[in-house]
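The structures considered in this document are given below.
Each of the next two complexes has chain A plus one more chain, namely chain B in the first and chain C in the second.
Here is the complex of A and B:
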């Protein structure tokens, strides 16, 4: 099923979503960039779906918040801080690479034993995705089949057709969300225009990772001098970990709440580029060299994920390339190891 | 996890029933789960202990699997959580999750001879093996236990050494790196691998269990390979940073393996080619 939503109707559609008791997250302009933020009824006019890439990965941030309290311990009792079913969340305007990254996170967090926090947040989430209508020189989703369009994993999906959006239904949940919100049915011209848009965006994507036989090449390059060379430039800041939509590692911390006498046990994002990541008792560190940490990051995405979860762990969103202060580029690392680039 | 619907991050409560001093920096905590829940574990598995307000840490379970209602963790004071645990007194309540991880392959090596090589705290996950063998002595061939520590005062479970020597067809060899002045020591001095000179293994009919500092395991594995052991006959228990124990937090990864769920006990064949391990 497909419908057409005029662009000037988008605020009404956003209001309609909020009226269904969803907390709505959508991209808005902030200075030169776009960020996802919680939108209330008065802010629906701010929603702007004309963006290529946000700095932070929106679905990871919603499903595994940067800091999330797991347990509250007080007077010998432990309370599980699981989000209840009333915390319904809708995300509007999320791109295919990010939806596919969420599908990868599901492989980690829904693998047994399931992570009940992720599961609860995922169940509460409705996804209104947005096919890409543009791309920049850092996009490389086509290498992994994770964009610029999306065939599944969404409840509704929009495509920008200039003066209007094509709205396609991907699930019963999506259909129920539309409910009584009137939109005219899409015509075959609308669908053809969508295909044309996707074709045009694919043509804009110039960056590629050749994934053919990649695992064998990466394993063969574990002792390549490239890792030491990259370590000379890398600052070990972990920005690549934080902005990566598939990086899933976390730390766990206990914090006493001084006024209530309870203890909060929370998890916070962690990253393999950070020095403390592989530290053990007595100052031992199994990846104390930056070269080993860079090798871990790149190999995890381009090699180990395949053994662990049956897919490569990169969706080609380009965030790590964009945020790296040392201009380290995972696609050129792979190209060099393949002998495709000097 | 036994129950699919349970929150895997939720600790159960256990009461500290006894605390033994092993040496000046190490204590063994005997725990009993509350609410009649027993911690059913196999030798080589670990648990995660909570000291609420300070945090969680993973520890090898060091007691006999034959003791059903209590279990032990042997803990060295090295960081925040362990320092907090050293303030615990019998009767106090701690949080416990687990058991986690793959145990020593006691079924797979049944009928063969065993060499158990431990360095320092590495004896903790091997003590359950020794107790298991003592209880099921006819299931295994000859057993040699090789144990090394920095000094005699750094050894753990010394009060059990005589009973281990009395297990039929079992020998215990001890060594230390050095003997401080005025310390009585009638055994070897040197690294633990040197104790292998006392062992005449029946090749292809002997398996080796190793646990200790990574550098000790590296040299031990190299020597065993030179002696003619196959990697498939060598098993190592690895230590890595762990925050969850269930393959989510990511910290314990070595290549594509998770130490918490694919290990901590690995066959050398499985990990021999992985990076960041006994390189």
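Here is the complex of A and C:
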């Protein structure tokens, strides 16, 4: 099923979503960039779907918040702080790479064992994705088949066709969301224009990772001097871990809550670039050297994920490249190890 | 220390008292904390001599800059089971330590009108003299972190002191990077988080007041700044403000 939504109708559509009692998250302009933000009825005019990459990955931030309280412990009683079904959330305008990153996070959190917090948030979430109508020199989703268009993991998906959006339905939840909101049916011309758009964006993507036999090459390079060389430049800041939509590691902390006399157990995002990450009791540390830590980051994405979860752990969003203060570039690391770049 | 209230002393060495002010300004929360904590010594609000009974927790503000202060911190260590270095000065020497890397007369005459009255040498964090059990970073410290630490000790769980960087918190807040977009040197990549990236979230670079996080690479950061065209003078000024970065680089 496919429909057409005139661009000037987007605010009405956003209002329609809110009227169905969803908390709506959508990209809005913040200075030169876009940022996903909770939108209320009066802000629907601010929604701007004309962006390439947000600094933070929107779905990871919603499904595994940077700090999430799991348990409240008081007088020996433990209360699970699971989000209830009333916390329905809709996210509008997520690009294919980010939806595919969420599909990967599902492998991590919905299986072996199931994470009840992730599951509850995922069940509450409806995804209105957005095929890309533009790409920049940091995008490399085509290397993994994770963009610039999307096959699964969405309830509705939009494609920008200039003066209108094509709206395609991906699930029953999606068509129920449309409900009585009137949109004319899409024509075969609309669908052809969509294919044309995606072909054009594919042509804009200049960056690539050659994944052929990659696992063997990465494993063969575990003792390559490149890791020491990178460790001289890397600041160890962990920004790459934060901005990566597939980085899923967290730390668990206990904090007393002052007025209630209880203790809150929370999880907070962690990153393997940190010293503390591989530190164990009595001060032992499995990755004392920064070279071992940056090797872990790159190998987890480009190597270990495959055995662990059956797919590579990078979707080519380009965020780690864009946000690294040391200009460390995972695609050129792979290219160098493959001998494709000196 | 597990029976009754936690016996706490608050001490001051060479510092501006800003961290103690944070404690005073907790106001209502302080009253709440006092249900679990008994303040045995607090120089700022009383004139008593050092307490003569053992303490569960000593919160020490300030750097050690002369012999008396060195003796004092050793005394405090002896009488306390758990010693907290509170604030940049106690943790690393703080701003005081600028004079470790700049001729002393020069620093003192810019600050004081009659520097000949000053009796102090190089400035060091407490850990140069005694074992420190926990660090509260920041210039000044963060009130919430102080409460968390005291409350955790009162209910016998290890206090949580973040081991993440300012950059990580800056990213979690969704900020555009000031260094990458404006080319201004920011110490966020190597600085201990916990302030929720206060400065970059308000549009100014991190000055590193919370000290260098173990395992980060200030040399890499210096290189990144140099490659981005930051002048050597600015780099030097920036790295030496809270001097422990400088110490690491010149070691």
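Simple rule for what comes next: the second predicted complex is superposed on the first by the 342 of 342 C-alpha atoms of A that agree within 3 Å, B and C clash if a C-alpha of one lies under 4 Å from a C-alpha of the other, contacts with A are read in each partner's own complex, and residues count from 1 in each chain.
One rule holds in what follows: a residue touches a chain if its C-beta (ideal position, glycine included) is under 8 Å from a C-beta of that chain, and two chains touch if they have at least 3 such contacts.
Source: prediction; values computed, not measured.
J.: For A:66, decide between first (touching chain B), second (touching chain C), both and neither.
T.: It touches chain C, and chain B stays clear.
J.: A:191 in the overlay: touching chain B, chain C, both, or neither? Say first, second, both or neither.
T.: Neither: A:191 stays clear of chain B and chain C.
J.: If you stack the two complexes on chain A, which partner ends up touching A:254: first (chain B), second (chain C), both, or neither?
T.: Touch status of A:254: both partners.
J.: Go through the superposed model and pick first if A:239 touches only chain B, second if only chain C, both, or neither.
T.: second
J.: For A:109, using the defined touch cut-off, is the partner it touches chain B, chain C, both, or neither? Pick first, second, both or neither.
T.: First partner only, chain B.
J.: In the overlaid three-chain picture, which partner chain does A:263 touch, first (chain B) or second (chain C), both, or neither?
T.: both
J.: A:120 contacts which: chain B (first), chain C (second), both, neither?
T.: neither
J.: Going by the contact rule set out at the top, does A:80 touch chain B (first), chain C (second), both, or neither?
T.: first
J.: Residue by residue on chain A, keep only those touching chain B in one complex and chain C in the other, then list them.
T.: Shared contact residues on chain A: 253-254, 256, 263, 270.
J.: Which bits of chain B are touching chain A when the two form their complex?
T.: Answer in residue numbers: 1, 4, 6-11, 13, 52-56, 76, 78-79, 82, 93, 95, 214, 239-241, 243-244, 246-251, 253-256, 258, 273, 275-277.
J.: Quick one: in the complex, what on chain C touches chain A?
T.: 29, 32-33, 147-148, 151-152, 154-155, 157, 160, 163-165, 167-168, 170-172, 174-177, 179-181, 188-190, 213-221, 223-224, 227
J.: Which positions of chain A touch chain B when the two form their complex?
T.: Against chain B, the touching part of chain A is residues 70-71, 73, 76, 78, 80, 82, 108-109, 111-116, 219, 222, 248-254, 256, 263, 265, 267, 270, 272, 277-282, 284, 286-287, 292, 295-296, 299-300, 303-304, 306-308.
J.: Touching chain C in the complex: which residues of chain A?
T.: 30-33, 35, 54-56, 66, 231-239, 241-243, 253-256, 258-259, 263, 268-271, 274-276, 290, 293, 322-323, 325-327
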